[in-house]
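Below are two complexes that have chain A in common, paired first with chain B and then with chain C.
Take a look at the complex of A and B:
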């Protein structure tokens, strides 16, 4: 019994949120039950992925390859619970649970009635399921399906607020994201055309054997994948949908979109680049240089745009554009330290950015103020919210003792080992710019006199969610041990092919 | 080890306690502030004596595979002593200066937290801990810089943060490179890079120099410092003349002696370039100071000049030069705080901040001006005061290193200091006796007592340099 449960755990982790998402509308009116179920799925997800990660770390028969429906590859679809999969699963479940907890009381304020809340949760769970799938899947076409599921649920989440601007943002997102999906589809098509495989392992063997016969097709596949996933993960200058979408969505949605959804697409890109093409082919086609360059531009442009935004959520959204740049840049640093640092940075940013959006969301929900310049004195009125915001900011800037520093440190070591000083300089400049757009928020909130209004920290569950995420970034910064170990092993795996 | 923890954390704990005190309880708060400042000072002295007597006081740990350690050596102990002792004086002065001012609790909270961070910089035993506290010091002192909340203060604060973070970024790159070259970051087992001559080390030294040079206000990285003078005077005195800027100076001395080691540095051709950059800062700082009308700005540019004295001594790579650097570190801090304290008393009592408007102030406030004159003479390098000895050793070191033109720079800078500040004193004794403000800002006695005490201490050290010599000797013996 236990064995078969463990053996099927990878599927349960993916199926559970999808299943609940489908049955949820039938009792949409029972708000407590809906919330309870969502939290239950979240808790089970954390437990399941925690167990999987533990198994992976202790190396009991892992990486575990799961053939869906009992069909072995190359005919069936494979799920692989390896280091990378376990790592990203942990990130997904670890971030989505506090977000669900936060949304319990916040959603009624932000989206309205019971049915709308239930609808929000349906898409939220679909997104979580799709992201978990992205972590584990080892099949190119499956990647495409999951990407589509995630994209459509993201659209629905963006539009879940009854507001014309939200609808417009969702529509823009839909158009661009569909374009991205089409490009990803094209890329998969090219790979299938020359290799005849959709399974990543087989495709990888084949493509490394025959790429010299069709260099142009490989080149096309590379570029379709880069641009396709670039649109989806908001890589500058393909980011134009993101600021609107992430700033008009309700805060829990912004948190999960900026924190997780964007990361999911990047994990897919990482898998395609390193698991299908492989690092030697990447270097052959100088793709890693392109990624470093694209990341550099994104970091600089995103940070500078963020500085000019007065709307708090838009500022955070542009900050996501910059941070996506860090991760894309890190994917271009082809060595263990660099990739491990990037993965760690990705996880740390998932925590930090959802924390930032959630605390910004609770400020907006309580005070109705959306602009940075109007936040005077919030720090005294809402101490916990602002304290968590400050912790997240310091972590994003890369102050030691917080998770952002560990990621940046390894990224720096990796980029220097690669002998490339452009990323080194850009990582540092990006930190300074990050301080330039986040510290003013903190200054205004703490060091300007507060208006005479009766503002308070939000309710218990929201405070708890904020504190959990803040604690996570501190813990990851002080004792990153097992998590960093997992990231390092994942990086080693990626470079083996 | 307990002493070390208590010395380090007194400030942070005190700062937290201050936040809990209601705003109206000024007396209680002042008591708490002085209690924690004094306790930090006492424990720093204990730690320093342990270190000087050759015992190792060490705490270490690691996060994310990065080891950190708090492990003061004589150099750190000297810096810690200077900082924690002067903090007590500044606390007393603040009670006088800050009375009647707004947001006092915030001020004292960050005042105490900064003490902890400065001691952290001083006592750090490897580059990771040094970097950690160096960054945190920036954030802890930022609220003090923007204390006035005016748009000018906010601008100065942003400038301070951006300069400091950029510098810290350069340092971080330097640390990563050091880690890659040597595989370790601890200071305790001799210079980290000793014996690993390889191309690019000169650039690494330059990177560290530029990074720490921001806080040490080396020209042309100095521009935040005069701006930051919008902060309350005790902050300008302690942080922008001693603690924060010393953390930069200390960082450079650390890098030269503990990361590279004096033997390796001597082989790098970049060393002589750095010496001349520093010499340029000495002269240019004091020349620009002459053209400043606002007294605090004039003092700020003098700070820039004198910080480079210390660096010059360290970069001569001679025992006498290093002795001079440490000696000047000790004496300059006492004198400079005195000068700033006097400038603060003048501006509080008369409302004048500009030198040109200060005629007649001397007749009204003879005590303050007497102290100011004493400290000025010390800065010039006159004999009965302590700074003479530092300068003397510095010249000895320069000549011993075969760099006699540097001795001329030092002499010239002494003369320029006189040209810069003697007229200020003369001016205050000209014209009519100026009127004092009817409604006085704070308590004069609380401000004047620590000021007078410091100048007397400077005189005592000048007459009996033997009392600080053991500390200087310990540092020199540690590195040579």
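Take a look at the complex of A and C:
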């Protein structure tokens, strides 16, 4: 029994949220039951993925390969629980649970009505299921399907607030994301055209054998994938949908969109680049240079745009554009240290950005003020919320003892080892710019006199969610041990092909 | 709509539409079409009925509450069929491997779990089409 349970755990992790999402509409009126089920799925997800990660770290027959329906690899769909999969699964479940906890009390107001709460959770769970699938899948077409599920759920989450601007943002997002999906589909088509395989392992072997005969097709596949996933993960010139979408969505939705959804597409891009094309082919076509350059531009442009925003959530959304730049830049640094640092940074940014969005959301919900300049004295009125916001900001800037530092440090060392000094300089400049757009918020909140208003910290479950996420970023910063180990092993795996 | 001919024709073809929808769903694994196409034909019968006789009568035939249930549990049925493999000690969605009788290729009863899954998908697609139609008609000013 236990063996069968462990053997099927990869499937359970993906289908549990999907099953619950499917049946939620039938008892949408029972709000307590809906929330209880969502939290239960979250807790079980953390337990399951934690167990998988523990098994992967202790190397008991891993990487574990699961063939759907019992059909072996070139014909059937494979799920592979390797180091990368276990790592990203842990990020997904670890961030989605506090977000669900936060949304318990605050959601009814945010989405405008009790009857819309269940609808929000349906798409939330679909998104979590799709992201878990992205972590594990080893099949290119499966990647496309999961990307579509995630994209449509994201659109629905953006539009879940009852406001014309949310509808407009969701529509813009839908159009651009569909364009991205089409490009990804095209890229997969080109790979299938020259290799005849959809399984990543088989396609990789084949493409490395025959790419000299079809260099132009490989080029097309590369560029379609880069632009397609670039639109979806908001790489700089293609980011125009993100600020509107992420700033108009309800706060829990913004947290999960900025924290996790964008990361899911980047994990897909990473898998396609390293598991299908392989790093030698990437270097052959100089794709890693393109990524470093794109990342550099994204960091600078995103940070500078963030500085000009006075709306708190928009500032955070532009900050996401800059951080996406870091991760894309890191994908272009082809060595173990750089990739491990990038993966760690991806995880810590998932935690930090959801924490930032959640605390900003509770500030906005309590005070009704959206502008940074109006937040004078919030730090004294809402001590816990602002303390967690401060911890997250310091972590994002990259102060030692917080998780952002560990990621940035390894990224920095990796880029120096690669002998490329442009990224090294930009990583440091990016940190300074990050301080320039986040520290003013803290200064205004703590060092300006407070108005005579009766503002308080939010309710218990919201505070608990904020504290859990803040504790996570501190713990990851002080004892990164096992998590960094998992990231390093994942990076080694990626570079082996 | 008050057109006599339209009403008569719809009344005549409705049963055939329904039967044909079920036919395509049930033959999904042996002939062209499948549970998705069959589900759409099935949904079309309700759509045709409510276009001609008015949306109120259509909703009386199949209330939206029922549609929510068929949509949810039609999809869940797919998942439960997948779990059969796991319960028998094989991977998710295992069919012949899990000892299901798949019969002679080409015969109607040859899909094993696939044909059962098809029924769930067909019902789900039919109710989704009808829900989409009702939603769009409501948005009309």
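Just so we're on the same page, the second predicted complex is superposed on the first by the 497 of 497 C-alpha atoms of A that agree within 3 Å, B and C clash if a C-alpha of one lies under 4 Å from a C-alpha of the other, contacts with A are read in each partner's own complex, and residues count from 1 in each chain.
Throughout what follows, contacts are C-beta pairs under 8 Å (C-beta built on N, C-alpha and C of every residue); 3 or more make two chains touch, one makes a residue touch a chain.
Please read all numbers here as calculations on a predicted model, not as lab measurements.
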Taking chain A as the common reference for superposition, should the pair chain B and chain C be classed as clashing or as fitting?
fit
Three-chain overlay, vertex chain A: chain B-chain C angle, C-alpha, nearest 10 degrees
170
Touching A:478, do we find chain B (first), chain C (second), both, or neither?
first
Let me test your reading of the model: by the given contact rule, A:65 touches which partner, first (chain B), second (chain C), both or neither?
neither
Should A:8 be classified as contacting the first partner (chain B), the second (chain C), both, or neither?
second
Report for A:297: first if it touches chain B alone, second if chain C alone, otherwise both or neither.
neither
Just checking: does A:467 make contact with chain B only, chain C only, both, or neither of them? Give me first, second, both or neither.
neither
Determine, for the superposed model, which of the two partners chain B and chain C contacts more residues of chain A.
B
A:431 in the overlay: touching chain B, chain C, both, or neither? Say first, second, both or neither.
first
Lowest C-alpha to C-alpha distance for chain C against chain B (Å)
39
Show which residues of chain A lie in contact with chain B when the two form their complex.
394, 397, 399-401, 406, 408-409, 412-413, 416-417, 424-425, 428-429, 431-432, 435-436, 439-440, 443, 446-448, 477-481, 484
Can you list the residues on chain B that touch chain A in the complex?
63-66, 106, 128, 131-132, 135-136, 139, 143, 146, 149, 154, 157-158, 161-162, 165-166, 169-170, 172-173, 176-177, 179-180
Tell me, which parts of chain A touch chain C in their complex?
4, 8, 11, 15, 18-19, 22-26, 66-70
Chain A contact footprint on chain C (complex, rising order)
68-69, 71-73, 75-76, 79, 82, 85-86, 89-95, 97-98
